[in-house]
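Two complexes follow with subunit A in common, the first pairing it with subunit B and the second with subunit C.
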Partner chain A sequence: MGLRWFHFALWGGLIVGMLLLPQVVSNGTLRTMIFANYLAIFAISWDVLSGRTGYVSFGHPFLIGIGAYTTAILTKRFDVPVEISIPVAVLFTMIAGLLVLLPALRIRGSYFALVTLAFMELLYQLVQVIRPDLTGGTRGMSGIQTLTRGAANGYYLSTTLMLTIAVSMWLLMKTRLGTALSAIGMNEESVRGSGLSTTRLKAFAFLTSAMIAGLGGAFYVHYLGSLAPRALFDINFLFTIIVAALLGGTSTIIGPMIGAFFMTFLLEYLRPVLPGAERYFVYGAIALLLYMYQPKGLVELVRRGFKSLNKGRTA
Partner chain B sequence: MSTALQVSNLVKRFGGLVATNNLSFSLKEGESLGLIGPNGAGKTTVFSQIMGELRQNSGTIELFGDEISTLSTPQRIRAGVSRTYQIPRPFGEMSVAENIRVGLMPDNIWQMIVSPPDTRRERELALSVGFLKADLGRMPTELAMGDLRKLEMARTMATAPKVMLLDEVFAGLTTGEIAQISDLIQSMRKDGMTFLIVSHDLPALEPLIDRAIAIERGTMIAEGTFSEVMNDKAVQASYLGGV
Partner chain C sequence: MLQILIQGLLLSGLYALIAMGFTLIFSIGRVLNLAYGAYLMVGGYMYFWVSQTLGMPKLLGVAVAAVLGVLMGFLKYRLIVKTLKGDHVAVEISTLILAVVIQAGIVLVFGDSSKILLPIVPGVINVAGASVTYNILIATLISWAILLGLFAFVRLTHTGRAMQAVSMDAKGAAISGIDPDRINLITWGISGALGAIGGVFFASYTQLSPSMWVAPLIISVAVVIVGGIGSILGTLVVAHIIGFLEVIVVATLAPELRGVFTMLLIIGVLVTRPQGLFGREEL
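This part shows the complex of A and B:
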């Protein structure tokens, strides 16, 4: 669990590599990477909560949606500047995160997952019927202020945001707090039996996860410039987040990042060959095979690769 | 010596079944008390009530003079009482050192973030229960039952208890491991630790306790020294099947 020099070297290499990328790849690839960055943020958010504590959330689009709708409504309907609307959106999402926490104080497992799924569906219904003049109802909202122009700027912004979140969460999870959250996922009763208040730990995980989801949701909507409720509160969107985290490797921070990039590019490269929904069969099959043979995800394959490289060097 | 733990008129019902029936006993500071009884007598239920994992229907539990019945389990542990479990509950994907680390953590999120793990104390605790330095990185899946019990002991000790409740601490252990755990308990007794011990291994239990109480169906049937309790007619009739 300790920090080593090569951890920082790897992060440094990744940051430099990602920031240099616009010099060598096309705008089309950059646009795909922007989506991968946002998916990575959502997958990290899911991982901080569900990957660590074992409380599987099916309600993350609910949190992302709160962040996205809050800043979209504030900027478009009330002309609030984004410097204010985004922090307010994050705050609102954290309050919503506490709402998601409430059932977790009493239930877990599949029941918790179903309750959080209900939150997502609830918000989908609410945005359509409550004040459609503000939310845009079923049609959603368009003409939302964008923060950047051009693929390269959008890429730099999303990459900076994603890497800032990833490095902060990675450092946070390297502390004893990360160990305690992982311990909840392994045996919550034993954590209580070790004298730790699991309610407080879970509240922290929920709030942190909500903060990231809110931040990601707010920036995402200001990248897209539009908001469609059916796309946001969609079961496919939810599963894309979860599969990215599982495929990459939960409880690792770097895993969900790898998973998000792998999935986004896989789906993108499959598009010319399989333009319809059948693409999802291919990624489903890959996810299934990987999960069967390497449940710890792609990150474990990368780790093994590094280990064998190291062995080869020392031999 | 002041009273470390005072259990008074404890009652726990599960529907029509009375699991703890008006049970009262006390433990002096530094004393070691054996809690014995046949399977299903309600020994673990008493432990669970003391730790707050089960709430009693009536009665009081005092730790060093303070009523702890309203406290949560983590609060009771911070107040100074901790337990081991009949079936060890390790964190399966954490090493021996990390398992002990969880027990050593402060119940304060900020402190968890800013202060590093006390690896020296982790090692001390691991070595004190009989692990070797090389075992610190081992995972629970690689450990035998005896090692899992040692790990459970170490994690419980990490919470810095003043009163320790040991539940079937010898179950599944080899003779050598029993001797090792017994030595550890004896050395902790010398240091003033207060123990409440449940064990079916009576020969191993006898040298570790100052006195014993026997319960049957949640009711106390005998109290005294180990030999007084074992010679009690009611105990022999219920616990030993009348031999």
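This part shows the complex of A and C:
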């Protein structure tokens, strides 16, 4: 499987480092880190589907929204305990993932991206109209049960969730299954030619991605305690997820994580200078330039940097 | 009934104008320009700035918006589309990022709050019991004029025929002595101008806000998907299908559902007939 001891050492170091962090930094930084953690989960989920198989999804907020809305409605309107509502939310998101899979069996590339965008817009309009007594209509919902109190606890929960997902995805991608998923992104016909069922592989990718999105969405809404359709089914939210994955580097696990943290902290540091939505101007410009110059993201830049360093040493 | 017919015709005319520039790019370059909605937004804001903030004549406002649209089209083709040559998904992602950057730029310059655009031509006319503003009537007439003009341009002029040739087969066109690069550049320019002018009317139909680019983009996407590879006449037909669909839904079901059926139409067509209702057609 290509595992080396230093892989585990690096992961171990990261895990210990992240769990020790609340001892060092302030609560404000921790709150920012919580957002970064959830963004990392969403970016990993996007990457499992779009980064690997090449089926670019412009509708990821659709999946996250299904997870978030399901658990929010269950806990708030029907008083279902969280232990039941979150698994149900994940299940619903996976069913929604299968729904998105249907068009992917026939179309790909630009058309697939557009149909996912249509899914997102469809859900955005539907939640406001269908049963507003359940979904809260245009205003959304507030007063949803929160799982943790205080910044440190929220941080531990989100970090544990994020690292668990990251490590399990990393292990999964090391298997032959992961290799096959990446192969679909390179050449779907030759994967089929090698005797593998691309339909099954794609179904697996969609389900895994939906599961992570559902988990992330459900825990996120139980952290925030509120949700609003305009904030959730928004192209800006989609942009944040995609850019986090692209910026860090697609088809890696550490890439979307780095991208998410980079993005969240950059936006946070820009806040004193540009308080409102103008921050996205600087952010988007950086993302666009980096994407045009190095579509493989920060991870690739670092890797090249190391390579040229090594070369310098041997020469 | 008559009211639905009139409203439908007017809205569809506007939609046809909005979607035309998007279809044009898709038909020539096979690229989906997701920053197309941003052209409309910039066009609308430019018109607002020239005619309402500076108090210049309204026609000048439209002209400035159109020129800026052409410029944006040129720049986008040169800097993004040509650099990422051939990679459609990369172009889509980068134009999506660009759209968000332009949105943030608009917030930076004009602020976050939405602005009401004064009607380009004030006044209301009563047609068979339905009150129609001159503004949207003019928008529809101009949109028809522009579409007819574009149709004539593509069919009758040398450049237009070269555009047709590139849309059919870029390599074949190059062998026949057409520079596909130049044709692409011209097409991006025309598309930008169409988008900016469409934006002026769209903004006067709704209002100016930094997030106004999403709705027209979705409409353009719907037209392209439902119609198939964009022919000018196909665009016109599909714009009417979508326009009437929305008007009928608003009149008979509920105003909030107006976009739902458009989305269902997109998903349905993509799943059952990915090549679109009219299939592959020349421009």
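Just so we're on the same page, the second predicted complex is superposed on the first by the 300 of 315 C-alpha atoms of A that agree within 3 Å, B and C clash if a C-alpha of one lies under 4 Å from a C-alpha of the other, contacts with A are read in each partner's own complex, and residues count from 1 in each chain.
The rule is simple: a residue touches a chain if its C-beta (ideal position, glycine included) is under 8 Å from a C-beta of that chain, and two chains touch if they have at least 3 such contacts.
None of these values were measured; they are calculated from a predicted model.
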| item | value |
| --- | --- |
| First (subunit B), second (subunit C), both or neither touched by A:126 | second |
| Broader residue contact with subunit A after superposition on the shared chain, subunit B or subunit C | C |
| Which of subunit B and subunit C A:107 touches, first, second, both or neither | second |
| First, second, both or neither for A:280, with subunit B first and subunit C second | second |
| First (subunit B), second (subunit C), both or neither touched by A:288 | second |
| Complex contacts: residues of subunit A adjacent to subunit B | 1, 172, 175-177, 179-180, 182-183, 186-187, 189-198, 200-201, 204 |
| Residues of subunit C that touch subunit A when the two form their complex | 32, 80, 83-84, 88-90, 92-94, 96-101, 103-105, 107-108, 112, 210, 214, 218, 221-222, 225, 254, 256-257, 259-260, 263-264, 266-267, 270-271, 274 |
| Contact set on subunit B toward subunit A in their complex | 51, 53, 72-74, 77-78, 82-83, 85, 89-94, 98, 101-103, 105, 107, 109, 112-117, 155, 158-159 |
| Subunit A residues within the subunit C interface of the complex | 54, 56, 58, 102-103, 106-107, 109-111, 113-115, 117-119, 121-122, 125-126, 128-129, 235-236, 239, 242-243, 246, 274, 276-281, 283-285, 287-288, 291-292, 295 |
